[in-house]
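Take a look at the structures below.
Two complexes are shown next, each including subunit A; its partner changes from subunit B in the first to subunit C in the second.
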Partner chain A sequence: MNLTLISLEIGVALLGVLVLLAGLWTPPNRQHLLGFCTALGLTIVLALLVKQGVAVDPITDSSGGFVLDGLAVFFKALFLLAGILVTLLTMGFSNRLRTAGAEVYALNCFALCGMLFAASANSFVMLFVSIELITITFYVLTSLQSHRLRSLEAGVKYLILGAAASAIMVFGIALIYGSAHTLQFNFIANGLAAGHMKQLLLFQLGALLLLAGLAFKIAAVPFQVWAPDVYQGAPTPVTAFLAIGSKAAGFVLLLRVLYTAFQVQPDGPRLLEPAALLSLMAAATILFGSLCALRQRNLKRLLGYASIASAGYALLGIVALNERGAAAVLVYLAGYLFAIVAAFTVISILTPDDEDEDLSILAELHQRSPMMAVTLTLAVASLAGIPPLAGFIGKFLLLRAVIEPTATFPWLVSVALLGVVASLYYYFGIIREIFWGTGQWWTEKKPESARIKLADSQVVVLLICLLGMLVLGLYPQPLLELATDAVQVLKLAN
Partner chain B sequence: MEILFYIFSTLTLLCGALVVFNPFSRNPVTSAMFLVLTIICMSGLFVLLKAFFLAAVQILVYAGAVIVLFLFVIMLLNIKEEERQRFRKFGAFLGAAAVAGLAWILVTTMMNSRAGERSVANNAGETKPLGELLFTHYVLPFEIVSLLLLVAMVGCILLSKTPETEEETE
Partner chain C sequence: MTSVGLEHYIVVSAVLFCLGLLGVVIRRNLIVMYMSLELMLNAATLALVAFSHFQPPTPNGSPFDGQIMVFFIITVAAAEVAVGLALIVALYRKRQTIDVADLTSMKL
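So, the complex of A and B:
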């Protein structure tokens, strides 16, 4: 076992354990310092990752279950960045998590560790174990505000549906093992290429069940029912982490399983042709998310439905089955990270303690805190895909990947455009509420007008997100090159 | 040996069906007890496959610990509604369709494969080779599972803790 290969993961796990221990000797009024230390530690890990750079040749460990290549490094950087932002966001939120102090930072680290392993998973054992580490940590994180009924409800719903999805997935893995006699992605690919697969039907069934499990992670229709309730009920920083971290982990695994293990490529062995299935799934996901979000007044629930729609857009890149599509997924997720974290940061600051996140809390925001108003407006515009923000580049590339070089599913593009139009309506509802909202007009209560003072950690998060959205939107070239380099390992047709 | 396989597999299927579909009783405790029987029969199947470790774990962990937990929860919550609940026809239909599809695939697969083809080495399921594999080839996933158990422990303690602020006000 080459320990230097997994040094990042060891670092993050150790950081979690250290924070957990340090929490025992830290007085309650100093707990936020632990959050600062966690963020600092994660920043150091991220710096180490950047210094280490993109490995030119993929390195696998001795058992072959763990691989360090361009794709893994890209997603690891994404997860670490998300982890840092969420930790900073949690610092401003910690007084509302009554029972949890240092534990929440530690749990964040453990979930992050699972994501880092997921980015490098190269066998179904690693895939299952890392997904379980992420999901089980999120069961706990979701129900952390145990004095709020909604949080408990979200936790229970996530637990039951998540456990069912895991059971389905592990059954799928068992069937794949039964027909391929190996759990490693490369060996499965070799077996497929050489035509060794005798029990093809069994293998296809296994692949289908496995895809169902992964679709649950990214909240794609028909495995999306948990998302709105869990997004609404979970503590806001956890929702942010769930929206970007858990979803991106699902996507990296989907990319690897489809392209590395199953060799779903135009010139590969045509044993599995999931493009039709995935395109239906993408269309249904986009429509469901966009249409359900139209009439939502709860902000977190609205973003929950919007994130279902986003998963649908990202699926477009996978449907395309080419290198551009895969690279577009990466670019889209990078832009999504900044926008969604920014939106949830503003929501977490604005929501009064333990109350609902109704749209009316946004009223007069441009007076109360111009910075938050600008950030939320840009975040929402980026999610909607307005140029020149990061979200636009991602959506544009995804749509282009489906159309060029061959328009495989022309109807899919029109569905996606319909979803974009619908999303403009509900996203602009948020912007309207920020600048022209009248608060709770039905109770004839004047909206709050006191200025909001931001904590330093919150300012840092907002600034990073603003910078990220603008820079990636105005100057996307480096990110595009990084993403294109990263998906080289999938060996897709251009 | 073969007769044992048939006995165990018949019993497994029968008890498994009785867990969810018991014409005599709708009592959750009965279902849980049938689940114990299913698991014991299944561990018998594992013994026939020479997977002694899995058989022991099956009995110790599932029959011993998990089902006892189930029974505790059922008895503590005193679930009476389940007994009154009728079978849902639509759900039963969908379930039957899914099972039929699965069964068809499994049966066609078994028909197509010859007996003894690519069979696994005989001692792969014994405790020693399993342990060796776990600590060499699968050491990384094994260690991640240990992290997972730590998370589960921390989570249990966190979620069962009552908020301090509420204790003061009470």
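So, the complex of A and C:
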């Protein structure tokens, strides 16, 4: 095996181990330096990735289980950016974790390492191991605030449901292996194309179970039950990482499995009907997420439901089964990264220690910290899909991919538009609370009005997110080209 | 007397998997649910080994792919148990219960 191929992953894993070791010799009042070093290390890795760029031909290792192509590089950059932002966000939060401090940075690195492998997975062995590396690390991260019952409870719920999902997925992989006699994506595709597949029923059942496992990762209905509880109970930086990193890993694996391994094409062999199945799933996901978010007052839970709905929108791009749809998923996830990290950063700063993240904490925010008010407003508007922000471009492209060139599922578009309208209601509830909120009116307590002093790391995160949302929204051309280039490797129809 | 074939293994594996799933769905004790999850993983392991053993010669891949996958599954399952049991113990210390019906601190 060519080790230079996985040098980035090795770098991130080594960084995690080094931070863990350094934590042993770092006095408690210097722990934030570890976060700074982690963020610096990850930035260097990101710079190396950008410098290395995309090879003209996809590079695979000798067994073909690991591939380094445009799609992999795009998602690796996305994951590394998310990792850097989350590490910076964690620095401002670490005093509330009440642990030694180094673990959280190291665990972030290990989860990130799993995501980097997931971006390159080209066989079911790599898919399984990378998903488990992400998920098991997140079990620990979710329950890191072990003095809070909610954190523990969220961790246990995630553990049981996550382990059930991966067991179902592994059984699916076993059935696929039984009919295809190989675990490598390209060989499965070859077998399907040559019509070697004898036990079709076995293959279809296996594919169904595998898709169920991946749907759990992206929190699509009917595998979404864990998301609201885990989002609410997990420490806020972990929720942010879960919302973007874990979800994007699910999407890159879904793209690879459907298009590289199963060769799902509109005019391809009718082995599965994934478009019909996924369109139902997307519609149910959008409706469930949007409708449940309507009556939420807990901010993290609200964003949890909203992120279920966003997974539904991103599924639209996969339902379309064309190149534009796949590229739209990538653009949407890139815009989603900045908006969701910005929103969770503000929540993590505002929430008092061990208290509820009720909407009322936002009252008077425009007086207390204009910068946070502006960032949260723009983040929420971007999530809702208001032009000219990054979220608008993503949603627009996703909807267009379903309509053009042929509107296969006209009803799906109306469901998605209904979801957008519902989302305007709950997202603008947040904005109303920032500028016109009256705090906890039921206790007749005056809202907090002291100005909030931001730590440097938090200012950096907010600025990067602000810049990302605005630049991607106003000038999306480079990102669009990158995304279109990245999905070339999936060899989809235009 | 007939010899044991691929079908027998797959039927046993499917039965194990369904028993595990049933256990996760109907039992309310976290430890028992966790044991049922392990049962599901073992069902997949059995199926992989059986498929690998009875695999006809193919041009693609080595005949041991399935058995190699099994090693990964066993390793991952061990890591999952280490984390999972620690979590369940931490929850038990906090609440003195391992019944999922008591996990209700977060409501709709």
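By our rule, the second predicted complex is superposed on the first by the 492 of 494 C-alpha atoms of A that agree within 3 Å, B and C clash if a C-alpha of one lies under 4 Å from a C-alpha of the other, contacts with A are read in each partner's own complex, and residues count from 1 in each chain.
Throughout what follows, contacts are C-beta pairs under 8 Å (C-beta built on N, C-alpha and C of every residue); 3 or more make two chains touch, one makes a residue touch a chain.
No experiment lies behind these values; they were computed from the predicted model shown.
Of the two partner chains placed around the shared chain by superposition, subunit B and subunit C are both touched by A:V129. Look at A:Q232: by the touch rule set out above, it reaches subunit C but stays clear of subunit B. In the superposed model, A:A167 makes contact with subunit C only, not with subunit B. Once the two complexes are overlaid on the shared chain, A:Q184 sits against subunit C while remaining clear of subunit B. In the superposition on chain A, contact is made by A:V156 with subunit C only, not with subunit B. By the touch criterion stated above, A:F110 is placed in contact with subunit B alone, subunit C being left untouched.
Legend: residue contacts after superposition of the two complexes on their common chain; A:V459 is shown touching neither subunit B nor subunit C. Legend: residue contacts after superposition of the two complexes on their common chain; A:V140 is shown touching both subunit B and subunit C.
Across the superposed pair, subunit B and subunit C both touch subunit A at residues 125, 129, 132, 136, 139-140, 143, 146, 181.
For subunit A in complex with subunit C, the residues that touch the partner chain are 124-125, 128-129, 132, 136, 139-140, 143, 146, 149-150, 152-157, 159-160, 163-164, 166-168, 170-171, 173-175, 177-178, 181-184, 187, 190-191, 196, 228-229, 232-233, 292, 301. Contacts from subunit B toward subunit A in the complex involve residues 102, 105-106, 108-109, 112-113, 117-118, 136-141, 144-145, 147-148, 150-152, 154-155, 158-159, 161-166.
Residues 10, 13, 17, 20-21, 24, 30, 33-34, 37, 40-41, 43-45, 47-48, 51-52, 55-56, 58, 60-61, 65-66, 68-69, 72-73, 76, 79-80, 83-84, 87-88, 90-91, 94-95, 100, 103, 105-106, 108 of subunit C touch subunit A in their complex.
If you check the complex, the residues on subunit A that touch subunit B are 1, 6, 13, 17, 20, 61, 63, 65-66, 98-100, 103, 106-107, 110, 113-114, 117, 125-126, 129-130, 132-133, 136-137, 139-140, 143-144, 146-147, 179, 181, 198-199, 201-202, 205.
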